[in-house]
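What follows is chain A paired twice: with chain B in the first complex and chain C in the second.
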Partner chain A sequence: MSTPILEGQGISKAYGGVQALYRVNIALYPGEILGLIGPNGSGKTTLFNALSRVIPVDEGRIFFRGQDVTDARPYQMARMGLARTFQVVRVYKKMSVLENMLISRSWRGVRAWNVLRPSRRETYQRAWELLEFFRIAHLAHMPAGALSGGQRRLLELAMASMPDPEVFLLDEAMSGINPALVEEIKERIQEMRQHQGKTFLMVEHNIQFISDLCDRVVVLHQGQVLAEGTPQEITENEAVIEAYLGV
Partner chain B sequence: MRAATATSASAPVSLFRRWDIWAWVGLILLAALYPLSDPTTARLLVATQIFVLITLASNWNLIGGMTGYVDFGHLTFFGIGAYTVGILMTRSKEIVFAPQLSFWQAWVFSGLAAMVFALLLGAATLRLRGPYFSIAMLATLLAMREIVRLLTPITGGGGGLDLPPELNRIEEYYLSLGLMTLSVGLMWWIRNTEFGLSLLAIREDEVGAEMRGINTTLHKTTAFALSAFLTGLVGGFWAWQNTYIDPDVVFFEPRNLEMIIAVVLGGLGTVWGPPLGAVVLYGLREFFWNRFLFAHLLGLGLMLIFVVLFLPGGLIGLMQKGRAIPLHELLRPRPAVSQEEEA
Partner chain C sequence: MPFLQALLNGILVGGFYGFMVLGFSIIWGVMGIINLAHGEYVMMGAYFAWAMFRAFGIDPFVSALLVFPIMFVVGYVLQWLIINRVVERPHLISLLLNFGISISIANIYKLIYKADYRSVTVAYAGSFQLAGFTFPTVKTIIFFAALLIMVGLHLFLHRTRVGKSIRAAAQNKEAARIVGIDVHRVYAITAGICIGLTAVAGAMIAPIQPIFPFMGPIFTVRAFAITALGGLGRIPGALLGGLLLGIVETLLTIYVPGAGAKVGTAVSFIILVLVLITRPQGLLKGLRPVEGGA
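This part shows the complex of A and B:
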C-alpha cells in the first residue's frame, strides 16, 4: 500500500487514572474509508481529538501528509486539509446558519490582508451549494441554535465540507439524521472518494452503516487496538464479539 | 434582521451599499459643521467628552464585545497613552535624553506604547478565558496605577505632571471627532470582514474556530493590540487636552466602568451599540449623577446591574432581538475542550 495520509504511532493519553488510549497505532491511507468502532468509552473520540490536535498526547507521534504534526495546532491541521465533526456538535449557535458556513471557508492561499474584506462571492456560492445538498438551505438565516439536533449535525457536516478538505474525521456524524438522508450522504461519501480521492475516518455505532461503507475497520477496546480488518473479518472476530457483549 | 446584518445577506453586498455607514457619515459631517455655529467653549468641551467616551466604548467593544474577552482593566491602555504623552512632552530630556517632543510627535508613541504593552500582556492573559481574563486585566489596572504612583522620577508620582498649556477647544473638538470617526469606522469595517466573522467565531467557541482553520491566538492578539492602540491614542489625547495628569485622574475608576457600561447598555458586540450607549450614558450622567456626585460610582454600579438584569441585549437588542450578546454569557467559565467533548 501507499504511504498513509494520516498516521498515529504509539499514541497514549491518560486522564487522571483513566488510560483513554494506550500505544495506539492507526494509519489512514489516501482514498480509503476507514471505520473506527468500539464500545462506549473505548477511546474513539479521544483518538479523534489526538489526531486533529485538539488535545496533546502523552506519548507517540502523529503524521499528516508526510509531516510530523505532533505539535501542530488544530488550525494548522485544518489548513493542511483535515476537517472533522464533533460527537457533541460544535456549531456557532448565535450566528445564522449561513454565517456558520462562511466562517468555515477555505484558507487555501489566504494571506493576512485577505481577511480584511467581506466574504467572497465564491464562498457564498459554495455555502449555498452545500446547504442545498444537506437540505438545510431553507434555514440559512436562522440562528444555528434554533436548529434541531439532526439539523445541527447536517450543518456541521456542511461546515466540514466547506474548505474542500482531503481528509474527513467524522465522529458519529450520522446519529440523529433521518435514514433516507443517511443513504444519500453515504452515496455522496462514496462519490467523493471515487471521483475526488477523498479520505474518511469515521466513528459510527451502526455496524450496518460501517459494513456498507468502509474498506477497513479498526476496533478499539479499553484504549487499545483490539482488531483490524475488513468489515467482514471484524464482524466474525471472536474477540470483537466478546468486547461488544462485555463478556 | 437580514438587511442590517452584513453577513446574513444571501449574497455578497458591496460595503458601500449599506445604509448604516452612510447614516454615520452624515452624522459625522453634521458634527464637523457644528463649530461653525459658534458654540460656547463649554459646549465644545461636552461634545469632545462625548466623542472620547464613544471612542473608548467602541475600542473596548472590539476585544470585549466582538472577541468576547471582557476586559475589566482596559483603562490601563488609556493610562499608558496618557503617560506616554505626558512624559515625552515634559521629561524626555531627563528620561530618554531626547529633545522635548511636541504633542503630535508624542501622540504617535502613546498608541504604540499601549499596543506593545498589550502584545506582551496578551501573550499571558489571552490564554485565560471568561472571568479569569477579566480579573487578570483588572489586577493589571490596579498594579499599573500603583506603579505609576511609585515611579515618581519618571511619572511625577502622586504629584502628577503638568503639560504645556493648551486651550484650543476647536482643535480638540476636531481631533476627538477624527479619532472617533476612525475608531467607529474601523469597527464597522472589521465587523463586515472575514476577520470580524472569525472574531465572533472565537467569541462563541474557540476550539471550533481553531478546527475550522482560524489561528485563534493571532486573531485575538491582533484584536487586543488594535483595541489597545486606539485606546492609547485616546489617553494621549486626553492628557494633552487636560494639561495635567496624575494617577487618580488618569486611572479614574468611573472612566474604566463607563466604557464598559456604555457598550453593555448600547449592545455588546454590535457596531452601533457602543456609540449609542455612550451618548445615552453621558446624558444620564449629566442630568442625574452630576447632582449626586458622591454617588457616581454607586450610580454606575446600579446602572450595570440594571442593564445586565433587565436589558441584557442593550438598546440595540430592543430593536433587533438577538443582535447583541448578554454580558453574563461572556463571563461564564468556558470548559476546556476535552471535557466538553466528553459530554
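This part shows the complex of A and C:
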C-alpha cells in the first residue's frame, strides 16, 4: 500500500478523568474512503478533532502527506488541503448561503496584498456549481440561519467542497438529509474519489451507507481501535457485533 | 424652530457618536471582548491631532488621516502580543487586561503631557447658515466624514476577503478556522482597524473637545450606552444608537435648566441601566453573546 495521506500514530486524549482516546493508530490512504464507526462516546468525534487539529492531543503524532502536523493549527490544516464537517453543523447564520460559500473558498496562497480584493468570477462560478449539485442553489440569497437542519448540512458539505481539498473528514454528514439525496451524494463521493482522487474519512451511524461506500472500516470502542477491515469483515466480526451492533 | 435647531445639533453630535462607538462595538461583536480602553484610544487620537497642530500647524482632519495607520499598528500589535493570549479565556480576564491597559495609557499620557487641558482652535471653528438653520462648521464636517467612513467600513466588511473573514470569525470562529481562516490574525486586523478608527474619531473632535489624559472614560461609558441601544458590530445600529444618544443629550442640555454639558455622562449611564434592566439582550437584540455553534 502507498504512504498514508493522513495518519495518526498512538493518539491519546483525556478529558479530566475520562480517557476519550487511548493510543489509537489510524491511517488514511490517498483515494480511499474509510469509515469510522463505534457506539456513542467511543471517541469518534474526538479522533476527528485530533486529526483536524481542533484539539491538542496528549500523546502521539499526526502526519498529513508525510509531514508532522501534530502542532499545526486548524486553519493551517485547511490550507494544506483538509476539509471537515461537524456533527453539529457550523455555518455563518447571519450571512447568506452564497456568502457562506464565498467565505469557504480556498485560503491557500492568499497574501496580504490581495485580501482587499472582492471574490473573483471563478469563485462565484464554483459556488453556484456546488450549490446546484447539493440542490440548494434556490436558497443562495437566504440567510443560512433560516435553513432547515438538513439544508444546513447540505450547505456545510458544499462549503467543505469549496476549497477543493484533498481530504474530507465528514462527521455524520448524512444525518438529516433525505434518502434520495443521500444516494446522490454517495454517487458524487464515489465520482470525486474516482476522477479526482479525493480521500474521505467519514463517521456515520448508517451502517448501510458505510457498507456501500467504504473500502475499509475502523471500529472504535471505549477510545481504542476494536477492529479494522472491509465492511463485510466488520459486519461479521463478533467483537464488533457485541460492542456496537448489539446483535 | 429652536426645537428643530436642537434636533439638528443632536443629529450632528449623534453622527459622531455613531462613528466613535464603531471600534468598541465591532471588537465586542467579533471577539466577545469589552474594550475598556476604548476611550483612551479616542484620547490618543485627540492628543495626536493636538501635537501635530501645535508642532506643524497640521489641520486635525489631516491628522485624522495620519493617525489611522499609526494606531492600526498599535492595535494590531497589542492584540497580537497581548490580548490574543486571553481572548479565549473567561471574559473577566480580558476585561481586567483592558482595564489595566486603559489606566496605563491614561497615566503615561499624564506623565508626558501633564494633566493640563489642551485645545485645538481651527480657523473655521464658527458656524454657517443654511435653510434657516445654524450649522456648527466643525461638527458638520465631522458628521459627514463619519458617515463617509461608516459607508467605507460597511463596504470593506461586506465586499473584501478580509472583511468577510472578520464577519465569519465573529459568527463562528470554529467554522472560520476550519476553512483556513487564521482567526487570531483576523482578530489582530480587527483590533488594528477598530483602534485606528477610534483614534480617527479622537483626532476629529480635537477642535471641539478639551483634551486631557483622563477624558477617555466618558467616551467608554457613551460607547456602552450606544452599544446597548444599537447592538453589537452593526454599523447601522451604531449610527442609530449614536443618533439617539446625541439627540437626547442635546435636548436635555437645552431644555433642562441647569443640566449643563455634563449631562451626557449621566444620560449614558441612565440609558445603559434602563436597557440592561428592561432588555438585557439590548434594544436591537445587539447584546447577545458572540455566536457559537450552528
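Criterion: the second predicted complex is superposed on the first by the 243 of 247 C-alpha atoms of A that agree within 3 Å, B and C clash if a C-alpha of one lies under 4 Å from a C-alpha of the other, contacts with A are read in each partner's own complex, and residues count from 1 in each chain.
Here is the rule we go by: a residue touches a chain if its C-beta (ideal position, glycine included) is under 8 Å from a C-beta of that chain, and two chains touch if they have at least 3 such contacts.
Everything numeric here is computed off the predicted structure, so don't read it as measured data.
K.L.:
With chain A superposed, do chain B and chain C clash or fit?
P.N.:
Here the two partners, once superposed via chain A, clash with each other.
K.L.:
Looking at chain A, which partner touches more of its residues: chain C or chain B?
P.N.:
Higher number of touched chain A residues: B.
K.L.:
Looking at the overlay, does A:R152 come into contact with chain B only (first), chain C only (second), both, or neither?
P.N.:
Only chain C; A:R152 stays clear of chain B.
K.L.:
Would you check which partner chain A:K94 touches, where first means chain B only, second means chain C only, and both and neither mean what they say?
P.N.:
both
K.L.:
Is A:L102 touching the first partner chain B, the second partner chain C, both, or neither of them?
P.N.:
Both partners.
K.L.:
In the overlay, answer first, second, both or neither for which of chain B and chain C A:V54 touches.
P.N.:
In the superposition, A:V54 touches chain B and chain C alike.
K.L.:
Tell me the contact category for A:Y75 with respect to chain B and chain C: first, second, both or neither.
P.N.:
In the superposition, A:Y75 contacts both chain B and chain C.
K.L.:
Per the contact definition in the header, classify A:H138: touching chain B only (first), chain C only (second), both, or neither.
P.N.:
neither
K.L.:
Take the contacts of chain A with chain B and those with chain C, and give the residues found in both.
P.N.:
Chain A residues touching both partners: 52, 54, 73-75, 78-79, 83-84, 86, 88, 90-95, 99, 102-104, 106-107, 114-119, 159, 162-163.
K.L.:
With touch defined as at the start, can you tell me which chain B residues reach chain A in the complex?
P.N.:
1-2, 5-8, 10-13, 15, 189-190, 192-195, 197-198, 200-201, 204-205, 207-216, 322, 325, 337-338, 340-343
K.L.:
Going by the contact rule at the top, pick out the chain A residues touching chain C in the complex.
P.N.:
52, 54, 73-75, 78-79, 83-84, 86, 88-95, 99, 102-104, 106-108, 110, 114-119, 152, 159, 162-163
K.L.:
Quick one: which bits of chain C touch chain A in the complex? Just the residue numbers, please.
P.N.:
156, 159-162, 164-165, 167-168, 171-172, 174-183, 291, 293-294
K.L.:
Could you pull out which chain A residues touch chain B in their complex?
P.N.:
Within the complex, chain A touches chain B at residues 15, 45-46, 49, 52, 54-55, 73-75, 77-79, 83-84, 86-88, 90-96, 98-99, 102-107, 114-121, 124, 128, 140-141, 143, 159, 162-163.
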